[in-house]
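Before I ask anything, let me first share the structure, which is written out below as structure tokens.
Letters A, B and C mark the chains in the order given here, with residues in each chain numbered from 1 onward.
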Amino acid sequence: MLLRLTSPMAAGIALFALLFAAPLLGANEYYSYILNLMMIHVIVTVGLNLVMGHAGQLVFANAAIFGIGAYGTALLMKHFGLPFWLCLPLGAMLAVSIGLALVFPALRLSGIYLALATLAFAQCALWVMVHWTPVTFGAGGFTIPAVSFAPLPISPDMGMYYLAWAVCALLVVLARNIVRSRIGRAFVALSDNEISAQSLGIDLLRYKAAAFGLSSLFAGIAGGLFAGTLRFVGPESFDLHQMILQLVAVVLGGIGSLAGSVIGGVLIVVVLEFTKATKMSVEIVFGGLLLVFVLFAKGGLVVFIRRFLPSWNETLHASPAPRSKAP
Amino acid sequence: MKTQDMMIFGYLMATGLTTGALYALVAIGVVVVFRATGVVNFAHGEMFMIGGFLAWTAHVMFGLPFLVAFAAAVAGTFVLGIITYQTTFRPLASTGNQNAILLAMVGLSFVLKGIARDLWGGRGDYLSFPPLVSPTPVDIFGFMIMSQQLIVLGAAIAVMIGFWLFFRFTRAGKFMQATADNTKAARLVGLRVDRVFMLTFAVGAAIAGAAATLMAPLTLLYPDVGFSLFVKGFAAAALGGLGSIPGAIVGGFLLGVTEQLSANYIATGLQEVAAFILIFLVMIFIPNGLFGTAARRRV
Amino acid sequence: MLQVEHLNVFYGITEVLRDVSFTVPQGEIFALLGGNGSGKTTIINTLCGLVKPRKGSIRLLGQDLAGRPCDQMVRAGLIQVPQGREVFASMTVRENLEIGAATRPAGEIAGDLQEMYALFPRLREKRDRLAGALSGGEQQQVAIARALMGRPRLLLMDEPSVGLSPIVVEGMVETIRDLNRTRGLTILIVEQNVGVAAAVASGAYVLKDGEIAYSGSAPDLIGNPEVLASYLGR
């Protein structure tokens, strides 16, 4: 099949090619850092959209899971002197195991109940980060050394950049395959109606676990990369501000759209930097974006893109169009 | 030694009951809106926070009497409740998408918090409120209790009674109750349920404004206080089953006392997370709350 | 009294009422008959404003009300006694009746309340009980009295006999006749129960697939085997 130039796939390939080339084309340290943050947020957003958009589960703990990935990775380096390449997967595994534990409340709760229960959990996790001082170094956070990529002839910053690039590209492709697989269709059935999903033979426990596990995996890996990039980990990176950042990323791009997640993850970093540079209130800007998009542009930016580019052929899984019912 | 233990215990109970009464007021607002609309107002804490700042502006900045400040906070939050309804619930209710309503409320809560931060000082700035009466303790049954706490506790209970009277005896209160009970039937008797929902949001917010004004002399005001109080109010409401006003009141008192006792006898830091742990445990193990469906007459 | 003309109602893209026209004369009881899904309840819901018609007019005493919201329909005098009774379960009988008069000034309703208690003595006995704790028949009385408190010009009753025992249904039939005879109340009743319809109605319309298939006097229609067959969906 011919690759249309304006399909999400072609746009994605172009974006990643550009991201690969940016440092080589002379993007300075600051821009590389910003691009790096974008890729990290793309990973988080893609994961969060799997659980929130495709599976329809309103989870407010994702910022904390992101933090657990960051803390897990950085604390293993700090306390045991383990190398980053080992700590990153271990931190992600910690995040996944905690994300999976949240499946049990999620089996009984949905909607507002699930949102608030997971929010309460997130706040407890944040409290542990602040108060378990002997392990987490408390409210002030802690630094970790630069990650060396020797013997590769590449600086720590560039090493992190290309690591994030590779991981981000890999996870986006993984997410694309998941969405198109049986699991992805089961997620959508879950979000439509849990009871009818069950009657279609979809195992709630298995697919909720898959949705929570995947989003936690994405958040955990992103957290580890975040720690490696900033070389600093502190609780305030994972509080309510991080939560609304992630929610805005999902809603801005488009709930239930993979391309939207990529767009959202990139855009929130731009908006955040712009907001800080112009000294506007982050709370008003991001709260306002969330409100406005939920009220007036429910499908997010991908809906606009689709309107102007007919060849944008992604199926949106949270689209309001009625689906045909099973006989 | 024994008497000193008793003194501390008495003090903790008095503090717990006073803060508990305020949590109960916040919880009542959560429950009233939830019963009518099936939605938890995520921006409810911001109603509380802005109510507190409005009272501060009237009382401290403009030197108006406390009762006037109280009225200003209640009126201001009443309007804020209407704004919340108009910007979140009304435009999204017809879609039947609760997740969207909740997300809109999350957005609104951050906007309100940001506005408050701009208006009343940046992060880390705490505004203080003068005490209502001289801080001499009074002796009740051998317990030394701050007279200010007694006043606040009494006033909080008075607000609850006033609210109960409103629900029980005014037409508007009964219309709200009927709409919460059976929305379709409320439409069929000719009630404009959209107006009733708006009033429900407004009244819920106004109670939070009242609670904030009462709490202000006991604590400090800062933009993040809203989220913290929302969590406590929600925990109290969840403990009572989310749909029950008596449950919310009992939940509020229980939470207030638990916080004080756990902070003093287990670990200080627990006061901050007690509510979160409570929410998490209640939601998982007793989602219907302590009273659940047993509370038939719901007001 | 009520003139409905060329009423079209859609749910999404499905046409549920097609060009429905009928009249209900003042002081009469008319019945709407039809099988499940024939559109009877939709007519009632359109008349009281729960459903908006796409086309057509609903004239009550000459005033066109089509498309108005519920509260305006109630004020105009089109009030429904819903299927399944839908009482305010957590409120007392007395409160249920008071809320029935929600569209009228609070000072005017005391007399009506006494009138309802005279009409339904059971409700006077149980006025301080929660409506949710009453029996089905008593709840039906609450639902009727609540609707009457709004001073209807035309009372709409949606399947009032559903879920009630035969004895209770008999009492209700008496009540409906009585309301019509002594108060001159005009009533439009939707019924599955042929017996109830035959007992109270003077005229009837039979709906099939969203259209009026037959119309005439109630005894004639109900005695006609062809009509009955279509009504029962056979």
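Heads up, the rule we're going with is that contacts are C-beta pairs under 8 Å (C-beta built on N, C-alpha and C of every residue); 3 or more make two chains touch, one makes a residue touch a chain.
By chain, UniProt protein names: A = Branched-chain amino acid ABC transporter permease.
Predicted, not measured: the structure shown is a model, and the values here were computed from it.
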Set of chains adjacent to chain B and to chain C: none
Nearest-to-centre chain - CA centroid comparison: B
Dominant interface by contact count, named by its two chains: A-B
Length of the line joining the C-alpha centres of chain B and chain C, rounded to whole Å: 43
Averaged-CA centre spacing for the pair chain B and chain A, given as whole angstrom: 33
Interchain centroid distance [CA atoms averaged], chain A/chain C, Å: 55
Of all residues in chain B, the ones touching two or more other chains: none
For chain A, residues that touch 2 or more chains besides their own: none
Chain B partner contacts - residues on chain C that touch it in the complex: 48-50, 69-71, 73-75, 79-80, 82, 86-91, 95, 98-100, 102-103, 106, 130, 132-133, 146-147, 150
Parts of chain B lying in touch with chain C, wherever the complex brings them together: 171, 174-175, 177-178, 181-182, 184-192, 296-299
Interfacial residue positions of chain A with respect to chain B in the complex: 56, 58, 104-105, 108-109, 111-113, 115-117, 120-121, 123-124, 127, 131, 240, 244, 247, 251, 281-292, 294-295, 298, 320
Chain B - residues contacting chain A, complex: 39-40, 87-88, 91-92, 95, 98-100, 102-104, 106-115, 117-118, 227, 231, 234-235, 238, 269, 272-273, 275-277, 279-280, 283-284, 287
